[in-house]
Structures are given as structure tokens and as C-alpha cells.
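In the two assemblies presented below, subunit A is common to both, partnered first by subunit B and then by subunit C.
What follows is the complex of A and B.
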């Protein structure tokens, strides 16, 4: 069985923990509880004909109060960037974390999910911005931890890329 | 001296007691791999979190994925840098009952021993998390607020842009329609004035907005009163009224007052510039009327132009024409078109007065100058100082007065009767006569030098029979005047009535026409003047029957007719003259000719 460490990176309150919880347990809580440090969850997927166990490192959100520890990234085979569609600034944070991850890990697979698609009317991130990122070669998802839309696809796609990269 | 044994005993147990109190699990690395052994008794949480045997070495990596990662991170500290202390930071791990706890690991080297300290930090973590949660909640709240403000701002900016666009469209529409607009609130204060309106009233918006609308408009009191009444009256008022805006460019403005569709107490005043129309109308009126002169026949238009020409200069003018042609009106028109218009205009009739009486009237006298001169008296020349003196019937003035008059014209000074020193006067002389003064000069009744002095410019008024085309206009104007005086509402003139007026010879000219119209209005029983309403003589005398009347006959009315008129007017000369359609001066002259006593 293949085991891969992946990290979820993003600004604070973008929904990293909610995405992991939705993916691992299928549950969602409206209550926002900030993450401190690291929580590691594990989930095994069937990708093609292979079982892949993802060690999902849910890292605390980056903001003025907590800075990302590069050491947490070490050993990651890939990562998921998470942005909040309702806050344009979280995409900037995701792009900054992408730079950090690239410099730490090198060119490993990654995907971007713009979360909170259940409140699309409130979004500050427009389709043109996402198109720009896709044009750069990014794999961009929109989804919602609340409804579950796009969540499994997100992890499966990354797992596939991890296998392709291996 | 050796320390007390009890102290030695407690020192041996101190580290263990300390670790127990701090809740730390201390593991010492065995060899160079991931194998560790617990030092001392582990804290109570150890047994509920990890399945380990106290006696056997422990493979730490498999205990928790994070610990595996941390061992890798700590390797350099243990191997190369013994002074370095590596802290893991908080990490979460579920205990054997799946309850999530928070831990922190520390790697260090002490006494060449590689140590791994694991601490459960639930309580400390909770307080940190609470603090951080608060900070982040506040940050999210702030972001929400900023977003709400931005949305509000965007919404307001959008609304403002729409409002601005609508305003611009409205202004463009007003501009296109050549309209200006004022909007007032329920208190009558201006809340909006279009740029065109501001340009017309020559005020910046800052001085207009918020002001009572009445004070904002440069209009006179009569217009203000009219506008105030219209503003207070029930709206909408679509009928237009005219007011005049004063300013460097005076304008004639039509206005409409409407109710604001969105608020019945607010008013929208639409203003239309009708200055050009007004000027055109004025020009048209000028074509038909000049001062109080009515007529648009070529002869009259030529006279209007002549009046304008002589009004510009200060020359003496001789106005000639038959009685009743309006010589005094011409004199007034010259005066009121001239730079002297703000000074007195005095008319004096020179006919029928003795030389001393006329001299006194014209030049004034000193007390005691003659019997009855009980006080100093200034004459008409002094009264007219700075203005115009109109000497009617100048052909009738006695020779002695002619001499004095000539002196005034030459020296521009008069001497009161009974005085010796002259007084300077600045008076323009306009003279009129029905005489042929050239013939009077030949007959020796009028001084030639005086004639040349007064006839610097001359205007000859045609008799009415020579400008019959003006009769309908004159009748219209006279009807208006007479109806206003008598209070009767005559709106029409029967075509036969007009035909009658057009065929009559009018020896008394316009004055006679006025009397005839006045007579007809008084006689009329309907709103339309019929031929039968006019005086009898108009029916008796046809134009063709009349002799050429280029010169007025001194005996136009028989003595009986003059006496009848006097009797009808109860001795009032002015009324009698009016009845006969002749001037008062002509009446006097004819009374003298018929040896009728002229004393009042």
C-alpha cells in the first residue's frame, strides 16, 4: 500500500479543517474553531487499482498570529492550497504559501480549491482570476466543505497526480 | 561536613518528582535509531495514549505520525548540535479512546544523552486557542464589516453614478428644450437650480441652494407678487406667465409651476427664455406704435424714424400739422426718446394769451412787476430747466414775446418780468403750429429770425385722411382706452362702422376720431359698434363732399355750432373742444374769430 503525506495550506478560516473533516468523516460543522499546530488525519483511497493512504496534515492557517513552519512541509508528496471565495486576500495568501512550498519541496503536485462555493454570490474571486491560474498550469477546483461539492474530487485528483509523479 | 541524608534522599528523587508535577514524559534515545526508553515513571496520560511496555524500549515513530516527523527534524540536534533544543509546536493526537488531545515534543541533549520530552498541553492549548480564536473571530468580524462597508460604498457609488447620469440626462434634456428649472422644498427653499437657471440669474449655486426661491430670482416686486400667487395657487399650472429677470443680460421669462410627482409639497418651476420672442414682439409693436403714437403707414414710420433722429440731438424742432394730428404726442415722443427724458417735459399753449400774460407764464415775474403780481413766480422755462419746453401754437405768440423768445434761444438765459438780471436756463425747445409760418413771416406777423431759430429740424404730421390705413389700428387702440375709462366692454366694430370711419374726411384728425369712438362707445347697446352708434356728422359728410383740407379753415364750425358745443359743455372750453374734435387752442382761436367771449 502506498502512503503519501499531503498538507493543506491556506489562510486562516478558509475551511482547511472542514475540508479534511468532510473528506475523512463526511461531516461538517458550522462552528468555526481555529486550528493551532498540526492535526494529522489518515484516509485510504482507491486510485485506479491502487490503494493510496493519504496522511493529511491539516496545518494551522497562516495569518499575523501564526506563521507557517517550513519543517511541517518536509516529507510532503504534495499539497492542497485552500482559499475562501468570499475573501480575495486568501487567494493572495495561498499564492504566497505556494511559493514557500515550492521552495521547500520543489515541484511537487498540488491543487487549489476555492472553498465556500455554497455562497457563490458573495464571492470576491471571479472566474477570470481562476482562469488566469489555470492558464499558469494550476489545477483549480471550486467546492464547498459545507455541501461536500468538489471535495472527494479534490483529494482523488491530487492522489492521482501523486501517483503519476511517483 | 556531609549534607544530611534526608536531603540527599530528596535530591535523588527531585527530577522525578519535578517531571511528575510537570506531566512530562521523558524518553532517552537508545542508540541512534527511533528506539527510546522511558526515564522514571511516565505521567498518567501516557498509558491512556500510547500502548507501550514500561520495561521494553519504545519505537517512538509508530506511536504517532507527527512524532515520526519530529524525530527526523530533531536528528541534527541530537547528532551535531548538542546545545540546540528543538520544539515541535502543538500537535493533535487521539488517545486510545479516540479523544483528541494536544501535545508538544521537545528534543534536546543533556549530559551527552539524547532526550525526547513529550508533554500533554491540553489546558495551556485551550487558553491559547481561546485567545487566538478571539483574535481571529475579531479579524473575521472586521473583514465582514469592511466588506459590508465596501458593498455599501459600491452600492452608493452605483446609485450616485445612476443619479448623476439621470441628472446629466435631465440637464441635457432641459438644455435641449431650452429650459431652466428650479425645485423647491415644502418651505419654498431652493433645493435644485439647473446650470442654465444659474446662468440666467447670474448667481452661483452656493448662494441659491437653501434660499427662499423668491429671493433667488432677480425680479421686481410686481413680478414677485405674481409669481408668489402662482406658487401658492393649486398646481399644476401649465399656463405660462411672463416675468422679467434683471441683470447684465435682462431676460423675459415664461414660467410654469408643477407639483413634484414624488412630493406634493415640493414645486418644480420650469423657466423658458422668451427674450427673443419678446424683442420680436416689441419690434412688431414698434412697427405699429411709437410711444403714444399709433400707425404703421409709411408716412408714420418715416415720422417715427425722424423722431428717433431728432431725439439724439438737442436742436429745436418745429412740428407742423393740422389740429388734432397729435403734435404734442410727437413732442412728448421726442422728449422721452431723448437724453432729457428724466427731466421735466412742459407743454405751454401760446394761443389766446396776451403778451404780458404769456411773458409772465414763460419767463416768470418778480413780486410787484405788475398789478396782481403778489409774489415772485418762476416761469415755464425755469420749470423745464434740464428738460423740454413744448410751445404749442407758436405762430400765435405776440411779437414782443417773440423777441424775448429769440433772446432765450440765442443766449440760453431768461429774465423774469420786473427783474433786470438774466438767469441761465438749459431747456430744449420744441414748437408746434398749424400756421404756415413762411406766410406769417411775409405778412410780418412772425419774426423771420425766430422762424429760422425754431425750425432747425421740422416734422410735418400728415392729416388722418392722408393715412386712412391707420384708422383700424387707431380705432383698436382708442377702443381699448375708451373702454377702460368708461368700463364698457366693446369687443368689435361692425364692418359697416369701419367703412363709415374709413370714408369720413376727419377734419379734426385723430382727436375727432377719438371723440367719435368715445361717442360710439357711450351710445353702443351691444358689444359691437354699429354705424348708428357714431355721431351724426359722420353720416352726413362724405369724403368726396369735403373740400381739400390741406389748410384748416378758421371757420370750420359755424358760430352756432361753437355756441352749441359750449352750451353742451356747460361753458367748459376743454369739453367743448372735445365735443367739436378740435384742440383747446383751436377752439379759442375760432371763438375769437367769431367774436365770442373767450373769458372762462
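What follows is the complex of A and C.
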């Protein structure tokens, strides 16, 4: 069995912990709980014929990404950027965090998920923006931790990319 | 490819050629291509008959396997099923071969495992038994019931000095778990998550408190649980210890980590998330998994000391009190037994009551008084005494003195059982004493040879015979006259005593005298002075309560004057003589001038 450390990066209250919880336990809670420091979850996936255990480091989200502790990032094989579709600024934060992660980890696999697709009407992020990112080579998902849409695919895709990178 | 392709097929022109030509072609072919043809034939033979090539394969087989094994793990993967099948087949067919082959390894390993298991069971069993019935054991049973843990586990937890429960070998950069070992009794949670969190905590502490590079969190402590964290260049070794970890444990953990980093440097370099390369670290990590129980405490618990001290104190107090009581009782017994005039026949204690019985001389001291003096209240004493006469000398003397009641002028002398009396006593007393003395218990013999018996009359007669002569014109006693004072005083004392005992009163009249020379008036005065001189010399005018002195003068009659013409006769007139008489009534003493 292969273990891989991945991190969830994103701005404040974009739904990182909800995504992890949805992925790991299949549950969602409307109750918001801010993450202090880091929480770690584990999920084993079968990718092809290979078991991959993802050690998911859910880092606390701050819009002031400068304060992101790089030490938590160190050793990650990949990362997930999370943005809130209803807040345009969170995408900017995600992009900034991407720069930080790349400088810390180097060119490791990553994926972007724009969360809260269950409230698509209120989104501030348009498809053109996402298309721009896809054009840059980013793997972009839209999904919802609340409904679970796009969540498993997100992690499976990243796991596949991790194995390919190895 | 520009190389000409060999063509062994004849052309269309050749088909029309003669057999001779064919032969020539064959010869030419043989001449030109004979070596290659031979090689081709050999190669075909090798391909068609591979079994004949085994010798040449065997020459390179070992090197080939070594080289292939170094490249990747495909050879291992390819051989593994065949080796397993071969082993299975071999074991089925002839198990003794494999058994004999692995016996040298398995034998000691099995024995060691059994010994360890039995030791663990015995230790657990002993501790469980030890703590089953004690108050502590009861508390632990409640704890086991409350927490839902087995009782043995609770006992182990409490008697544990320290136990290394788990070791996490963690990849330093990723926080991924490389290997994990745990003791049999450890409660294991998701070790991969724990591993990640330990790394996260390390990073958190390092970042939050801005510790200098190289200084990392090396201990976590919660209650009885302590996590020793050793960080190396490649890995982190976290050691979960329950209880008080000894100092050498950290050094051991450190050495283990260093040796693993050294021996698995390639595995660390090639680590891609697959921890199987570190499975072989298991034994080395297990060496750190150790348990040390508290040695059975030889120290006695404080409660035991208190109980022992209390018991000892009580025993000592009881012993001392008993000893003191016995000594006191012995002292009382000795004191009672030593009492003269007392014969103890019964002396016993009945609780607080003292029963006394025996013989008691009426003159003896009261034994109950002694008991009271010794602190025994009189209401706790029951005494029954039978009277008897003790023949102890003090009692004989006391009794004899009491019964004989000798006058002060008589003295009783005791010599063991012999009684003698000396001094002066009345005749009547002497007769009575002689009779009484024989009846006194303990008196064997009574002697009164040296007792002088006198009567009042005899003493009066003797006193009346005494006279003191004076020189002419003098009222001073001469030396010769003074010599008479002592005997006279003895008579007077005896008389006083006898008078006292008889209740009579004696009047001794001192009669002064003078001769006819000189004026008569002077002679009267001189006679009076001579009487007073003698009374004063005897200690008068009173001599005891029953004897009184008076004075008088001797008048000279005409007849006497005629007779006193010679000096010797005149000398006899210058005297003081006595006239003693018995009065029934005490006279009024009138002091003389």
C-alpha cells in the first residue's frame, strides 16, 4: 500500500473541512467549525489495482495566505486548492496559495475545486474564469461538499495524478 | 538497411540449368557460405533443441539473476509464486525436510515465545492475585468495572513502573508512517493518523514558538502517558511510554533511530509512500518495546506501621502496667508479710477487690492502713482477722510493759525471752508484777533481784533521819553536807512517785536550827535561812505534784540549853532536819521568804 500526503489549501470558510468530511465520512454538517492549526484525516482509495492511502492535511484557512505555515505543506505529494464559488476573492486566494505551494513543494500535482455548486445561482466565479484556468493546465472541478457532487472525483483524480507523478 | 540480404533461393535462369551446373553452384555455395551455414545450423539446433543449451545457460544463470534482481523487483515477483508452490509441494510431499531445515531457527524462537508468554501470564496472574483482596485491589476492581477494562489490565496499569507501548517510525518530511510496533496490551488507534498528528504538532510547536533550527519538540506528556520523540535527518521515532520512563530509554530510542537511518539510507532516499521497505525494522523497534513492573515493595505501608506501632505501644503499656501492678502487688505482699504481729493466710485479688484474712496481734498495725497507703481504696478491701499473740520481741516487750505498768523508778530489761526489772518500786507493785509476768506470753523467766522495794513509810523514815550540819553563823552547805543531797533527792523522788501512785500528798518540812550563841533574833533568822538553803539545794519549794516542802525552825527549850553546853552538842544544833508527813489533801503551798 502506498501512502501519500496531500494538503487542502484555501481561503477562510471555503469548505475545506466539509469537503474532507464528506469524502472521508460521507457526511456534511451545516454547523461551521473553524479549523485551528491542522486536522488530519485518512482515506484509502483503490486507484487502478493500487491501494493508495491519502493522508489529508486540512490546513486552517486564512485569507491572509502569507501566514500559511509552510511547515505543514512540507512533504506533500500534492494538494487541493479550494475556492468558494460565491466569493470571487477566494479564487484569488487559491491562486496565491498555489504560488506558495509551488515554491515550497515544487511542481507537484494539484487540483482546484470551486465549492458550493449547490448554490450556483449566487456564484461570483464564471465559467470563463474557470476556462482560463483550465487553459493554463489546471485540473478544475466544481462541486459541493453539501451534496457530495464532484467530491470523490476530486480526490480520485488527484490520487491518479500522484501515482502518475511517482 | 543497406546490407545485402542473403538469398539462398535459385533464380529463374538457374531452373533451366543442368544438374552439373547445380552441383557447381552447390560447390560454390559451400565454398563461399560454409562457415555461416554451419553457424546457422548450430543456431537452429539451439532453437529447436533448447534442452541441449542448459550447460551454457548454467554458466551465466547466477550472474543473470543477480543482475536482474538489481534492476527491479520483477524477478522476485516472477519467482515468488513458483517458490511458494515449490515450498507447498515440498511440505506436502515430505514435511520432514523443511521441518529439519528450519528447526534450528524455529526451536529457540518458539521456546523464547513460550517462555515470554508464560512469564507474562505468571506475572499478570501473580499481580492479579496480590491485588485481588487488598483495599487497593477493591478500588481497582471498581475502576475496572467503571472503565470496562479487564481487571488484569487495570492491575498492570497501576503496578507498572513503565511500559513502552508503541513506537512510530515516521518519515520526517511527509509525516507518513514507515513502521509501527506496539506491545500486546497497548490500545492502538489509527497509527497513520497519530503519525501525521505527531508531525503536525512538531511543526506547530516549531513554528509557533519560533524555536531555533534543530530544536524540536522531544517530549509530550499527558498524565501517565509520555511520548518521547527523537528526530533524525530522515525520520522521526516516537516512543509512547506509560509510567516513569528511565533515563536510558531515550538514549536507546536515539540509537535505534540512528541505526535505522544508517542501515536504510537507500530506502529513505527511494521512499515514494510505500512503507514496505521498512518492514524489516520491526525487530529493531521491538527491542525498545519493554515493560518494567514495580518490584514488590518491601516497604511496609504507613497504615501497617501505625497498626504495629499502636499494637506495640498497647502491648508495651499493658506489659508495663502488668509489670508495675505485679511489682506493686509484690511490694504490698512483702510489706504485709513483713508486718510484725500479722500472719497472712489469704491475700488475693478479685478484680478490683482485695481479700485479706489471717491472724493479727492486737498490738500490730492495721494492715488495711498499709493497703490504703499503697493506693487501694478502703472500700475495695475485705479483711477478716483472727486475734493472736505474737511472740515477736517488740510485741512481748510492748505487752509486758503494758501489763506490768512499772513505775518510772523501775526499768524492765528484756533479753530475748527473759525479763528482769531493776530500780525502785513499791512492794505491792513488785508482788503484783511477779505474778503478772508469768502470764505474759513469750516471757519465760522473770527476775526482780535488783529491784529495790520501798514503802512510803520507809522512805519517810529514811528522809527524817537525814540532817545537814552548818558551821557556826553560816547558812551555807559545806561540801560534806552537799554530798548528802544526792541520796536525799533519790528518796524524795521515790517518795514523790509512790505518793503519786497512791494518790497521797507528802509534806516535807525542813526544820532549821541554831545554837544558843548570839542573839536569839539572829539565831531565828539563821535557822530559817538554813532550812531554805537545803530546800533550795533540793530544788524546792515544790518537788513534783505530790510532794511539797515547808520550812520550820527548831526552838530550843530550857532543857536543851542546858544540854548544849559542849561544842559538839552545839554543833548538832546548827542543822537542818526533816519532818515528813502524809496529808490526804494537797496543801496550799505558801512560798517562804
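By our rule, the second predicted complex is superposed on the first by the 163 of 166 C-alpha atoms of A that agree within 3 Å, B and C clash if a C-alpha of one lies under 4 Å from a C-alpha of the other, contacts with A are read in each partner's own complex, and residues count from 1 in each chain.
Simple rule for what comes next: contacts are C-beta pairs under 8 Å (C-beta built on N, C-alpha and C of every residue); 3 or more make two chains touch, one makes a residue touch a chain.
Please read all numbers here as calculations on a predicted model, not as lab measurements.
After superposition onto subunit A, partners subunit B and subunit C are found to clash with each other.
In the superposition on chain A, A:53 contacts subunit C only, with no contact to subunit B. Legend: residue contacts after superposition of the two complexes on their common chain; A:13 is shown touching subunit B, with no touch to subunit C. Look at A:4: by the touch rule set out above, it reaches subunit C but stays clear of subunit B.
Looking at the shared chain after the overlay, A:99 reaches neither subunit B nor subunit C. Judged by the touch definition given at the top, the superposed model places A:166 against subunit C, while subunit B stays out of reach. Of the two partner chains, subunit C is the only one touched by A:77; subunit B is not.
Annotation: subunit A residues 37-38, 40, 42, 55, 69, 71-72, 74-75 touch subunit B in one complex and subunit C in the other. Of all residues in subunit A, those touching subunit B in their complex are 12-13, 32-34, 36-40, 42, 55, 61, 63, 65-66, 69, 71-72, 74-75, 86-87. Those residues of subunit A that touch subunit C in the complex are listed here as 1-5, 37-38, 40-42, 52-53, 55, 57, 69, 71-72, 74-77, 166. Taken in their complex, subunit C has these residues touching subunit A: 171-177, 190, 192-193, 196-197, 199-200, 203-204, 206-207, 272-276.
Every residue of subunit B that touches subunit A in the complex is listed here, in rising order: 64-66, 69, 72-73, 89-93, 100, 102, 125, 128-129, 132-133, 135-137, 139-140, 143, 147.
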